[in-house]
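Going in written order, the chains are labelled A, B, C, D and E, and every chain counts its residues from 1.
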């Protein structure tokens, strides 16, 4: 654990960049999938990837270097100053749940759509227009 | 070709064409002068002052409706225009029978035309007069044996003045008009009254030749 | 309770009641509606003094209702015409469906019209104006409109343009002058065409559309002719006059003489629009083959005269406009009733299909004759007075010398369609199909005859109408309006003695009529129309020789350039092009979810790129 | 205080979980229980409105944490007004749909009811919450219910519409989350009042970027062009009571969220103009898209979008009177559009076809429903003496106050377009040649009660608007009085 | 009371005069045309004979009530118009109701008869009649425009609408209006060609084409009465033109009968001279089609009419 801590301190900037970069890359990849891919499932996956990216970004922002887990335990009452910000984590948890629900619903809709249209190409699902 | 048959045909035509004595007699009966005395409106002797003036106006204001049948129609313009100038007698063309006093029948009448002539005559308003031009209206003239031309106008309409000739020249026409004026002034031009009085007889004659008779039932004026 | 509210309540209750009664007995609806309108009229005529008003608050706005002499004048027309039209309606609408709907809307329309004239603030004016509009819209489309898309909606769209123009003006009056009371707005100079010029212009636009002024007249002919005739009497007789009412109101500041020179161009433009309306209405009226349509176009033309009269801004001109307002309601009401009677009895008003009704419907013909004489502006019937006032106003008091010729052209050409109407329906050869047509029922004849008598009397004694009209003019800012009971005097002191004229015409009429009837009475025959001199031919029973198609073709050929300008077509093209244009924008909704997502992202990117421009 | 704002949220949640159990006891529980809950919401609303009229606004914190840290529910006259309106409309829509749902094809009533109830409860949650992330959660609750309800008919088009809605809704949640992220990093709090308080310290660029994310995300919820591609499809494919709910409840909540964020949290210049312009574009495009629709519900959907555009314009103008007009219009639009969807659904029900074409002469089959539809059409166009007139009138006056001449003319021209297509439909209903067989489905009594109550509202408010105007006025005041809001929330100790 | 009796007697005398002169002028026209065509022509009194004959017809046909009324309309229009025109200025008998009506009224009253007759023609059911009416009314729109322009110009120039005032002005200034506003005169003369409906504007009653048009179904007493009305109308048109442009008549210093006699002679001379304009035009003219006639009236006469208005405004001082 300590080793890991030291390793982290050593590559701190790199990791920060990597985390943020990953998050943004995930968002971009997700956006690309949603906007460019024609297959419904791929679009749903893209949506999930985008969500994941945002969640990652959220958590990364809440992280304080060297912070502890945001838990007030007996004997550790003054830990508030060194704690990682708990709020983003809570939010991300909620958001993940919501994203899960949305993804599930989306997939069920995809199945429904495929049943009706016998295709999963989003370009062909435009009977409602104008 | 059989000569006999040919001759027979010719003689048949002849018998149709030239009237026999009996036919002529019959025709004379038909020509009975319906309108000599019965048609009189008022004698010169019995005329009152008002009637005299009226007749004077009538005779000097003859609106003529020229029913341009046959060759006589061409004589009317000559009569009316500069050379013979019938307007100096107060003659004037009328466009419709409602306004007209004199009906000029300027030539032969086919049975089809007769129907229209009768209609026009009946639409004229009393007192009204008829002047018939040429032989065709008197006895059929050159159409005497035509199948669709009437021979004697007198059987169908009361004619006040006949103008002989084929065709009569404008001089004769003017002469005829002057004759008519005299008749009017004397109160003898009673064609309209005669027609009214002898309507049944006229109708009978008219219906003999007019096949598609569709006149209104009543002679309503 | 305030008396105006009682009248409005009577009409409202009547409207609902007729609507409900229809489900029990459709026969009673007409009578109920008539009784309610009669009750409202009686209350109005007996209970309301002129100058009455009351104020109240609604929605945080100060509202005020009341009657000036000016609105009183229009209220006369509204109630008079309504009662007659509803009486006429009882038999006219008999046997048609949806009577409750018809009469309910009818009473609501009356309510709206009355509300418009009693409103002394803009908000109630607008509210009642809109009530009037949609209630009348319901009536316009009553006659089973299979083409609602084009006809009824056209009326509504134009009305809406007008109403919203008004609303814009009202809103700005509120903002700039901080008042909603009409009298205050006038006092503060809201209509002065000086500072906020769009206020009076928008108001005029709104009112002109109701008055069917060029180029917004295209709704009027079809709306007038397609409504049930008993309503069209009100529609053309009273409701289009609400536009006149409004224009007069807007021009009050001109009449008050605050700064008449400034309004010269406004008055000139409006006057010319009125003149062109009159010409267009007239020339289109005379090529119609449907009597109702003919009358509809004629109404447009007549309203053009009224607008011309208003635009002169002089005493005689306003008097002409106000007089024409009444007399147009009277004779055009009578004529629409005639058209309705013919429609009811003979089944159609298409002049190519019927003719020679004079022997079948003599009384109706008599009404039509007198009304047409009034329409043509002939003495001794009332229409002449209006024409006289208008010409004299234009010649002696106004500087529109060419406009007077335009108006004269229109009113001369009006002879053409006047004759066309009488000939097309009543004269000519008798049609075989109309042999069994009967005279209109008595309840339809009575209102027609009443209107006819008004037309005749007002020709001899126009002072009866001048009196309230003069009061009305004083209410909108004229002073010392002079008038005589039965003669007309212009600015230069030239008089026309109408009483004398009527007497003379009457006397000559009697003498000549007696002479021509008695002379040779026994030898005079009355014959049918088949007995005509058509070159010796006898028209058959089934032949109708009446000349009905292309009646005024010579005129049409001579005036071909005038006919080439067709406002209807222009508006139609505009509408179609707009819809096509809209269709293009509609294509943005492609139906592809991914495209929508792309829109979102693009929008986001655009916002981010231009964030400094948008959010400073 | 017996009743607190939290009842709004707790009651539906409990009911949602209880219904699957209760349904074992009585098979109609799924239909009745949501009604009870929604009615309870109405009572809560009225009680709270009464309470705040006497004691001022309520800020209730959850789980014992004080205002800036914990989640709080705020009932000001503004939120209270909207919550009341939403709950009453929600109840009326439930009443309308009570029997309607028997006829649902391909769906199961209990899910429908639960989703519908959650949608309404979520909307109320959006309105009363004082916490930005909590708002996100409620938006997602509404969203998921709405996606499911859109696709409820399990038909070909329903699924398609649902998927589109979901796709765009996913973007909305993503961007909203990003916006919240930025705000949180800058201010370190999620409480809207506190964010507003700390907002002046945030760098301008960050503020604007955050605002843009919020605008896009909430613009999707508020059906702003060009983010509203989902709306016509969703409106037209959802079951009719749901369409009514979309128009009367969900869009109100969406607009509320946007307005709350823009007006309370941010103080960026130019956002008013942005709202005005985008509102106008939304209105224009929606109305010109509506004019040539062949599908009744789709037409109504575009019309709703147009009305929301007008609301946005009014909020964009931003003056007290304009906000007043906007709130009035939101109320009117909720009422009238619900009525139109309710009436329209009976047309569709009777013709088995959503096409406007097949409405020809339908008034003979459904006289009362037709009457309601015509009334609604006239009211939504803004004809006096119906309630729609007043809201439009006040919006126009407020625009005139700011001298937006062309805006006024534009609004009125667009209204003419609106009038055209509505009257075409009314004309068809009443005056076109009628075909087909006599009525098979007369409106049930509860539907009639629901519709007549809405119609009654339209007429009564139209004739006598003073009944409702004070409430709207205080709501508008509350919305605009930002500092008071901040102060009150941060100082209230529970 | 005495005044009224005088008035009635004066009206009677005026009517008689108008009738006599109108009929005589009609005869004269026929004579003139005949002489121009190198004919003898009918006697001058021919029209009286025609009238007498028509009235002495023993049968009369009317096509219903309007047909019966058609001549009545014409006489009403003729008599009413006549009463409001100053035949002799300031004369006890021939002044009639001059000051009680003005030009606008006269313009309308003059059309009244035509419209009445058109109604009678309409009821007869004869297509030719109605065709004539259609043409006549169309042509009416043609010539009324320049005529009205001319009259408007006069009104504007002299600030009055009463004919008697025009006479007074001409008497005071001593200059006839034809010299004061020549363009108005030209417009009015061209318009009056159409009003008389002689060639080239006689397509309305073209005998060969339309069977005399609107009159096609009238005969006997009806036609006679119409002729009377027509004669009076011819007189009215002439007197109106003479009054408006040629200084009127009766403006002499002689007293009593002598004054009246001289005035009448002056009137006859002036009207006859004026009457010869349309007559001579008619002699040398073929016939216009209706639309040609209308277009003619809308071109040059209207142009002169507008010129007249501009002239009037110039004289009036509006441009100063």
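Worth pointing out:
What we mean here is this: a residue touches a chain if its C-beta (ideal position, glycine included) is under 8 Å from a C-beta of that chain, and two chains touch if they have at least 3 such contacts.
Quick caveat: nothing in here was measured; it's all calculated off a predicted structure.
Under the touch definition stated at the top, subunit A and subunit D share these contacting partners: C.
Among the remaining chains, those touching subunit C and also subunit D are A.
Touch-path distance (fewest steps) from subunit D to subunit E is 2. Chain-level centrality, scored on Cα centres against the all-protein Cα centre, points to C.
Here the two chains linked by the largest count of contacting C-beta pairs are C-E.
Among the other chains, A has the CA centre that is most remote from the centre of subunit C.
Centre-to-centre, using mean CA coordinates, subunit B is 99 Å away from subunit D. One finds 120 Å separating the Cα centroids of subunit A and subunit B. The geometric centre of subunit A is 102 Å away from that of subunit E, both derived from CA atoms. In whole angstrom, the spacing between the mean C-alpha positions of subunit A and subunit C is 70. Residue positions of subunit A with contacts to 2 or more other chains are 34, 43, 125-128, 130. Each of the following residues of subunit D touches two or more other chains: 160, 163-164, 167, 171, 232-233, 289. Looking at subunit B, residues 96, 98, 123, 126, 221 sit in touch with two or more other chains. Screening every pair of chains for touch gives A-C, A-D, B-C, B-E, C-D, C-E. On subunit C, the positions that touch subunit B within their shared complex are 523, 525, 527, 530-531, 533, 535-538, 540. Of all residues in subunit C, only 586-587, 589-594, 597-598, 601 touch subunit A in the complex they form. Those residues of subunit C that touch subunit E in the shared complex are 356, 358-359, 362, 369, 376-379, 384, 387-388, 391-392, 395-396, 399, 401-402, 404-405, 408-409, 412-413, 415-416, 418-419, 422-423, 427-430, 487, 490, 492, 494-497, 500-501, 504-505, 508-509, 512-513, 516-517, 519-520, 523-534, 545-547, 551-555, 557-559.
Every residue of subunit B that touches subunit E in the complex is listed here, in rising order: 53-54, 56-58, 60-61, 63, 81-82, 85, 87-88, 90, 92-96, 98-101, 123-127, 221. If you check the complex, the residues on subunit E that touch subunit C are 55, 57-66, 68-69, 71-72, 75-76, 79-80, 83, 97, 99-102, 104-105, 108-109, 111-112, 115, 118-119, 122-128, 130-131, 133-135, 137-142, 144-145, 148-149, 152, 155-156, 159-162, 165, 211, 216-217, 220-222, 225, 289-291, 294-295, 298, 305-306, 309, 313, 318.
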